[in-house]
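Below, chain A partners chain B and then partners chain C, in two separate complexes.
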Partner chain A sequence: MENFDMTLIDWSRGQFALTAMYHWIFVPLTLGLTFIIAIMETIYVKTGDEKWKKITKFWATLFGINFAIGVATGIILEFEFGTNWSNYSWFVGDIFGAPLAIEGIMAFFMESTFIAIMFFGWNKVSKKFHLTATWLVAIGANLSALWILVANAWMQNPVGMVFNPDTARNEMVSFWSVLFSPTAINKFLHTVTSGYVLSAVFVIGVASWFLLKKKDVVFAKQSILVASVFGIISSLFLVWTGDGSARQVAQVQPMKFAAMEALWDGQTNAPLVAIGFLEKPAPPKTEGQYQEKEFAFKIEIPNMLSFLAFLDPNAYIPGVKDLVNGYTDPRTGKREPSYSEKIALGKEAITTLKLYKEAVASGNAEEAAIHKAKFDDPDWRNNTFKYFGYGYYTEETKAGLLPSIPISFYSFHLMVILAGHFLALFIVMLIFSLKNRLEKMKWLLYVGIWSIPLVYIASQAGWVLAELGRQPWVIQDLMPTLSAVSKIDASSVQITFWLFAITFTTLLIAEIKIMLTQIKKGITGGH
Partner chain B sequence: MFESLSLLALQQYWWVIVSILASLLVFLFFVQGGQTLIYTLGKTEMERKMLVNSLGRKWEFTFTTLVTFGGAFFASFPLFYSTSFGGAYWVWMLILFAFVIQAVAYEYRSKPNNFLGQRTFEWFLIINGALGTILVGAAVSTFFTGSAFSVNKLNLTNIFGAGSTTISAWEGPAHGLEAALNIQNLSLGLAIFFLARILALLYFMNDIDDENIFARSKKQLLINTVPFLVFFLLFVGLLLTKDGFAVVPEQGVSPLLWKVKMEPFKYLHNFLQMPLVLIIFLVGVVFVLWGIIGTIIGKCKHGIWAAGLGTVLTVLSVFLIAGFNNTAYYPSTYDLNSSLTIMNSSSSKFTLTAMSYVSLLVPFVLAYIWYAWKSINNKKIDAREMEEETHAY
Partner chain C sequence: MYWSEIIYFLAWPVMIFISYHAVVFYLKKLDKKLAEDGELS
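Moving on, here comes the complex of A and B:
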């Protein structure tokens, strides 16, 4: 590993994680609150009741405060692919750049144009035009999510491309395979619906505070009614798409799947751990070996993991050890190579590229043709080139091919357990809302308020699982973070890390203070 | 439709699109220019409020254009994205930082309990205005002056040796900041800065109904035009007399392997060999001057349109001579053959074709932007509106 600067790689990962997690604090609220506002404004336009206009404007003010900081934290991410992950930008830019550009052309302009009408157009355009603009802001925000999530899904499940040894990069051969890959569809639907759930909890939490303070009571009750219905529908979609996402992970990222369940040994009829705690890790048996962690306590649902992954309670789920050591699926008989074998295959793929490039450079057409033929051979592509990224590892460093099992396990379970809590919250809120007894249910209102931090934790946990669970891969099996990073000094990245950490934290404090002040002003105190 | 085009034609098409986005971005930098003028033109709280709100309804277009420019460059010429952004790290990071602080400044500036205070957010706008324009200008100038970097795709296979696996490497410790030491880069940076201020002054005169702001803007117009002309002419003079980075086409050899050599007066030659581009440049300059002079000596309030169109045309022509006529648009002074050309740095034919279909959406996008703005911008900003507006910055 002497040719890899691990300090640089760790700080680069840290900076991307920092900026992405900050951005993700603000995006989900943007995704969902726009729809809630659009629904409220639709009620206003349909009924002509000015009260609904005030409610709409109140939530739109909070939306604006959140949106600004979402934009501020978002721009850095787009450019970080180049500044910090320059090899990545070249290696897969032919596929990855397209969704980013489409996002700008299709979604960002739509959002920024119609958001101006949403804020400044109340007295300048007709009611219907204004309503259309509000809906277009919601659609624009969600369209932008679509394209960036398509790009992210492609990194987890690279499809629709072939490697071109002349340009030394992957090139797109099917736009539709990239756009409509099952991973992309599930990731998009699951992520945006998580944003809707977060927004519904946010609205319920804020409105609960109003009810406890006996302030703007009618407005608060109506907000809870809209949000709890929106929340129930979104939660059901969330569960459905989460199930689809997990199935995708089981198929294309089996190590992430094993990690999120802390499944060390593969088995048929695998149970799902409903709740569990991992014990302290045992020290590695040999240098470079992974650290095994068993459960200190767990409650399991029999057969559930197998069913969840393959809709078959008897299906075989490989564990972490099987994936590292290689295994044969007892039911299908299909053999999966060990990590050592994959490392050897990866080295063969990288060496073939090297020999080809050298043959071309020296004008040796005959030798170049021999190597080129391998890249044109679908069998070689599927059985050797497929493991290109493993070639950057060695026997001594192969423990680096494992994601963090505790982080994957806990983030997954935290996310799922909290999602169940939110669905229950929406249902209970709706019931008491319809019975018009919300004001009397103080405990419920407190639960509503405290669910706001919980929903942010759940939302972050989802992304932590998605991104840390796939480590070390930037592009699954093809490019690890090791070979994706830019050639810059680690000290430069350390400085920018702290620059953004301090800036974003300062802006977050400003955002929260402004937001709380606007909430305290209430619907009657401000606009 | 686009499938029938050759790879070279698609590369040229995308270079034109990237150039158009860049030229629109420079025009929209009037927002940045205006931000540096809020204390110069706004002497009272209400005047500053009008200025900030006038810009505040446009800032997102500049921002979105910058983001789209980045995305389009990534999609069409990913090797530039990887080489320049990963190499000139500090320049791009500072530019990004300047835009991060801008994005919250409008919305948070006048909100109660905003933690940092109104003045801080106004200074965020000023920093963005100055840093954003000067650094982007200097970075674009390196398209002609070059940077010290190397590109070697074989590095990707460096798994047995001790060398780096990174394809693009910046061969200097300053990671882009050294660009600021070059007189030509600096002159373009400052020319863009003063141009942005000029455009802002013309924009304010057209958008705000206030006598004091109008009078001060008119006065400032002359003050900013003089340094603009000095730096712009210096840049153009150096550009037309310098050696340029010429690509040498070789029959039967892949354009990926074409060599680059220095050619005296390359950019002057590019203008002369592409007369249409020269005409675009000259018409652009005339329009900018017309917009400025017409406003200074006449009573014209719409100088922004002439100067804006002129800016778009001028910047477009400058980008076209950087990339067309067998020119390396992102040259390396460290290793000439590492220089980026539109041929060796682009996406594949498939991706360029797919993206070309997406580009057909652009006129549609422009149309709805125009329509939406016309519907809410039919009246100038004035003090009364600021008092009545429920969503004022």
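Moving on, here comes the complex of A and C:
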């Protein structure tokens, strides 16, 4: 730990978080709005009603503004893997690079080719060809998200690879294991559907403003109906995939799962905290110890956490303390090593690699073969090398192996509570839409408008949980964030951090201004 | 080998398909109501 420049690490993390969070402001709207537009255009092509063409073009304009800035922030994010995280890129570039490259192909070839037809092809190509292009933009945007999410899921649950001690790199041995990792599929489905929910709320919010202003009233009502129905189905899918994601986290990232629920002591029949507030933390008793935080207030659902994690209300859920101190599952009898044991195993793996490299360098083939044999032994890989990343920590610094419990807890609960609000909003909007009473429900229209910032908060909270909840790991158990960073001057990262912060904020303000101008113009100029 | 994940993945296009048909179904109801109320020309 003493060899690491923590200022550099903190600024590098800050810069990546800044870029990723700005990127995620723009991307979810792209993912969902494109399908809403494709559905609207399909209605236009099937009915021949020109009004649906106008509706489609209006929403497509807002989509286009958002898409351009989303691409700009995404490109910077990909460059940062090389500039700020070169050790990470070296360690796993062989695996991480493949889905990232496919993502690039999807984004730049499929999406960008057909987006040109979508925007500039009206009246130049046939209706059906244009519709096909719109659907391909929607599918392409979502498939490009698939590949980046496959890469992200691999970091959270590294599978389908083997470590090569000669190059000190992890190499892919099964592309299909990486692609069809349950973590990857869950992450993809949950993430894109969250984008659909965000887009549905966005459409409802903008259309609610039209109704309040009594502008393009029929267009607004029809847009709200499309978004409500799409939103209800997306929300149900979001709950289903969220359930699958939580189960995956419980299995492969138990510390993140415990942090999500601020569960300090493991238990069978674990309840789910529906709503809760954490007390101020007590100061740690000794240096390096974690700060335990109890609940000041909580409402629990009995047995639900055990059921959520393992589909068994009696299942044992390890708490933070169990994971740190080691535990034996009372039902299965399986023993999980303590962090101290994992640190020792990690150090053994690092030392073995060092000794192997020294033996190779000095031409001692016999000793090199002894160390190499360990890397070829599946038992050693599964019981020792598996904890490679823990070797960067010591007894004094092991508190750094815990994520932030309050951030994980609050981001998870905020995301879930707001998701419930959006589902309720979609249902109420649909009911009053079908009764044609939306104009009279002014309070509901205001709720629709104010749900736009709320849906962005929920969307960001989801990623905060995913990324901060897995800390300190950049690759689960194998590589801590502090060892992934490029050895560059911290001041360089500070300068680019502020440059990016100013640029992204300017872009965001520009996007909001352009969008508001476009929205104020309306679909028919207010008639 | 990966059948459960493949089937799970295919739920995505199914969801989009269902969404489209559900939108069309409810849109007909809305258009009927708007026509009854004299808002749809």
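One rule holds in what follows: the second predicted complex is superposed on the first by the 523 of 527 C-alpha atoms of A that agree within 3 Å, B and C clash if a C-alpha of one lies under 4 Å from a C-alpha of the other, contacts with A are read in each partner's own complex, and residues count from 1 in each chain.
Criterion: contacts are C-beta pairs under 8 Å (C-beta built on N, C-alpha and C of every residue); 3 or more make two chains touch, one makes a residue touch a chain.
Every value quoted in this text rests on a predicted model; they were computed, and no experiment measured them.
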| request: Answer with first, second, both or neither: which of chain B and chain C does A:Leu507 touch in the superposed model? | output: first
Quiz item: So, does A:Asn383 touch the first partner chain B, the second partner chain C, both, or neither?
Solution: neither
### Message
Just checking: does A:Phe230 make contact with chain B only, chain C only, both, or neither of them? Give me first, second, both or neither.
### Response
second
According to the stated criteria, A:Asn314 is in contact with first (chain B), second (chain C), both, or neither; which is it?
neither
In this superposition, the partner of chain A with more touched residues, chain B or chain C, is B
Quick one: classify A:Val218 as touching chain B (first), chain C (second), both or neither. second
(message) Which partner chains sit in contact with A:Thr7 here, chain B, chain C, both or neither? Use first/second/both/neither.
(response) neither
Partner chain in contact with A:Phe180 - chain B first, chain C second, else both or neither: second
Figure out whether A:Lys435 sits in contact with chain B (first) or chain C (second), or with both, or with neither.
second
Note: overlapping chain A surface for chain B and chain C spans none
Seen from chain A, its contact residues with chain C in the complex are 35, 39, 42-43, 142, 176, 180-182, 185-186, 188-189, 192-193, 217-218, 221-222, 225-226, 229-230, 233-234, 237, 244, 430, 433-436
So, in the complex, the side of chain A touching chain B is made of residues 2-4, 57, 61, 64-65, 67-69, 71-73, 75-76, 78-79, 81-91, 93-98, 100-106, 108-110, 112-117, 119-122, 124-125, 129, 133, 164, 166-169, 171-173, 175, 347, 350-351, 353-354, 357-358, 391-392, 482-483, 485-489, 492, 496, 499-500, 503, 506-507, 509-511, 513-514, 516-518, 527
So, in the complex, the side of chain B touching chain A is made of residues 57, 60-61, 63-64, 66-68, 70-72, 74-76, 78-79, 81-87, 89-90, 92-93, 96-97, 99-104, 106-108, 111-116, 153-154, 156-159, 161-170, 173, 175, 254, 256, 347-348, 350-351, 354-355, 358-359, 361-362, 365, 368-369, 372-373, 375-376, 378, 389-391
Listed in rising order, chain C residues that touch chain A in their complex are 1-2, 4-6, 8-9, 11-12, 15-16, 18-20, 22-24, 26-27, 29-31, 33-34, 37, 39-40
